[in-house]
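To keep things clear, I will list the structure first and then write my remarks on it.
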């Protein structure tokens, strides 16, 4: 806990130093200069409103992309003949520019929430799939043989044999996943939504107001630090207990 | 009844097994002997249906249990769960009973990685015995155990066999072990390995 | 020749300002006015501003309200007028709406975001004319210009406010202009002759190159005079106009000509009046600390 | 090989079908409608010029991000006390919006190639780091003990013990890595470069020319399919040989 | 000279080893016996310096070799490389010689996963012997081998010991094995385990 605090303080100090060297508050303001705009945005309720809209989108897209990506990655990793068929599609969708997918979604589904979430999800699924597929390919064949001979139930195999082995891959995909999703949500928001952190960041970027850009960016980062500390790390600790016991 | 008819099994171009045929009745126990690297584990994998890439046929029952040469445990689940998850039909007390039979009663809540190798092997044995299998396959089940523990495990095995009457096939390097448990001893030899001696005891 | 100062202009590659800049270089108006023009194309407005701020370019294009905001925040930016072209609100051909009041309960697609100047002026206009809070009584859909273009054409939104070259295309595709921002400005007592768009330069650049602002303005006027009077000059720039047909081409040309401001400096009192209105409507979010017209915002151009 | 071809044909058929249902060439043109613009861009040299600029950026950023991310991920995964200090920084940089990093880089370093590549690299490093860190945390402790007792040289341990165990993580990070890098390069290009696929895509998006947007997007995807088939998959096959032997 | 002085070792709250002291001279061989799960492997890990979390001291030479209870091989490198990479100072022919001594001459180019468990264990033995160590630690090195192979391995070990005179510490469950190799036999017993019997032979 105290290491965390110190580490964040160090980051703040680093920022301070860089801002002090840059000495151009319009390009990089000092940390303390964010207080008053932060307070103003908080008081007006703007910050929480936009943050909540973005969070809802992130949560939806994350849940969808992780579950679909996990399923697809497992299937492709476990069944090489399925993989051979789907692999080129995966490469194509993996490398399709976010912009193209987002625009196509907006054009077909309309400028609405569904389109936004689908666009993000489609953007992220291939990412999760590639990582999970690698995990599925490196599962222990001896354990597989064991479950087979003992005719363990599929559901139980998934839950107790496969997923625990995939845990590091899932953790990696989830962590880098939320980050990528949130970055895509930003693009989705500035291209076709009327609210959300991405919308605000783009607005203030157009107005060249670095302070407010940072206020909005950091507000999401704060949420992510909390998610990391309150959800992800405790979960990981529990899942990895057997390694350190 | 288990009937094994392996006409040939190769890894790549290298033939490992050839013309191995034998049957095992319920309640019968077959010991397989042979030098290291001859193909005993390979044969067991064919019998268990883990490796389908061979010429020949094996008829086997559905309800099987296997004790691998290495423990092959779920390292991320407790010792207790390593039995319970594989045999969900067992009650909690039955699982604890199975653990105490192999001397692991006080280790139920540890992870397998916290056991000594001998303890892990006993856990693997307990897992094999727990389901009252119709076919029990064991690959050198009693190594890494001191004499006393090994003897206990042998006694346990005898009890299981006499109680649930499975067909049992096991690999060992120890002829006294083989003599004690087996109704039939098969010895593999040659390259590719064939059944050299087929000795029926008892 | 080679000792002429160079002006590096960071512009949106598809921006209409290219038509003018191309005419300048093509006809040698830059060297005639004592500088050479070096055009750097970018794909995004933000990029042109980053280029200016980062010192990679000497001039970019922006509206003067943005410039006022930056100036009030301490930047040494000055504004040189370029165009008074403003947009309007278009509705589908089969729309029954006759005034803004008829859009109540409908949705409006807006390309420039919530602080789009056209949108703000139309809101003020609706308030004055119909006592209607346009923002409250309609649903706003903000989006990238091409998406607003498409959703306007498909009828997904009941009305659309877009950048003027997209508006020209929307009109040529059959959409009807419900009201132009110019009309609304006039009704609000604003001076429609105040050019909203212009070139932005740093004072430090002008200090290093005395007279450079006037020189750029001069070249810009030369190009405008040519484009205003000579149809042949348009043939040269037609390839960069992305007009799909003659109708679009002509609509773009007409609208461009209509956007040419009168020569001469910006009237500060008209500008101040507009800034007041913007400050009132857009709030600090739009104008920042520029609640009154900052001194020296408009460069000396004559 | 033939499966690949069929699979890609299937994708083409899928596109055909969707385009046929959409029946709006402005929104999604038929595949064959791309031929003439493709040919035009090829003939004029535009396509290859912009593609090569983008590729150079992608290659630089990929090399830098992978090597630095790999090093950082290894250190953080292997040394928990370093991890405790750096972890908050990682979360912050992982979730810093691409836009913010890119703009800051451009403003400080200038609107040049160096800034563009640094911006992309900084965006991607945290991603690689998180994935590799998970891998480093799940290394086999018994092998570590073995190398320790035999006093194997550090260099050799890295090359023959650690990296092979990390291979699936590296493959996952690399594959999803190139994809993410190329997406960020697109943003970098439209925010401050005067060439590259991203520049062109954004331009044609502003002009609402979906055909050319697709031509440029697909040209990069084609390159990635080739990289996948000629480099990544053969490499993976070689590295994974021991699993299937 | 190796001197072991383990005052106490616990896992969590559970004490496993207590007051274990002995020395091993160059050329001497110590066998450690004891029931499964008593703490033999734990003791070897302390001696080898793998696990530094205990009270006490161990003085050990730099040049050590270990044969773990499980093979612990680099599964992604060939059999040949599994020796060569650990002992880069060996010439190619020396590596091949080491492999052929344990009967793996024809397996040099396979991956360890393509070996039988007994072959993997022999590879692990070859790796341990190859470096001419000053301290050789072995955890049940001869299990999973048929009698003939086990005997060959024992002979090989004897030869190594007489040639390079390392201090050797090994765990076994087999008293005849212990008697054949060891100059001293230590038996662990109790909870926490202490040295119960310290028997000097030869």
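Every chain is named by a letter (A, B, C, D and E) in the order it is written, and numbering of its residues begins at 1.
Throughout what follows, a contact is a pair of C-beta atoms (placed from the backbone, for glycine too) under 8 Å apart; a residue touches a chain by one contact, two chains touch by 3 or more.
Note that the structure is predicted; figures quoted are calculated from it, not measured.
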Completion exercise
Shared touch partners for subunit D + subunit E come out as none
Practice task
Write down the pair of chains with the top C-beta contact pair count.
Solution key: A-D
Handout entry: Computed distance of Cα centres, subunit D from subunit C, in Å
Key = 38
Exercise for the section: Using mean C-alpha positions as chain centres, tell me how far subunit B is from subunit E in Å, no decimals. Expected result: 27
Problem - Centre-to-centre distance between subunit B and subunit A (centres being mean Cα positions), rounded to whole Å - result: 47
Practice task
Find the geometric centre of each of subunit B and subunit C from their Cα atoms only, then give the gap between the two centres in Å, rounded to an integer.
Solution key: 82
Exercise for the section: Could you list which residues of subunit D touch at least two other chains? Expected result: 27, 103, 107, 198, 202, 205, 243
Fill in the blank from the handout: Among all residues of subunit E, those touching at least two other chains are 70, 114
Fill in the blank from the handout: Expected list for subunit C, residues touching two or more other chains, is 46, 53, 144, 146, 150
Fill in the blank from the handout: Chain pairs satisfying touch are A-B, A-C, A-D, B-E, C-D, D-E
Handout entry: Touching residues on subunit C, where the partner in the complex is subunit D
Key = 12-14, 40-44, 46-47, 50-51, 53-57, 144-146, 149-150, 242
Completion exercise
Per the touch rule, the subunit D residues reaching subunit A in their complex are 3-4, 6-8, 10-11, 22, 27-28, 84-89, 91-92, 94-100, 103-104, 107-108, 126-127, 130-131, 133-135, 137-138, 141, 168-169, 171-173, 175-176, 178-180, 182-183, 186-187, 198, 201-202, 205, 210, 213-214, 217, 220-221, 224-225, 228, 240, 243
Fill in the blank from the handout: In the complex, subunit C touches subunit A at residues 45-46, 49, 53, 66, 69-70, 73-75, 109, 113-115, 140-144, 146-147, 150-151, 156-157, 285-286, 288
Completion exercise
Contacts from subunit B onto subunit E in the complex sit at residues 11, 33-42, 69-70, 103, 114-119, 122, 140, 143-150, 173
Fill in the blank from the handout: Per the touch rule above, subunit D residues touching subunit C in the complex are 26-27, 103, 106-107, 110-112, 189-194, 198-200, 202-203, 205-209
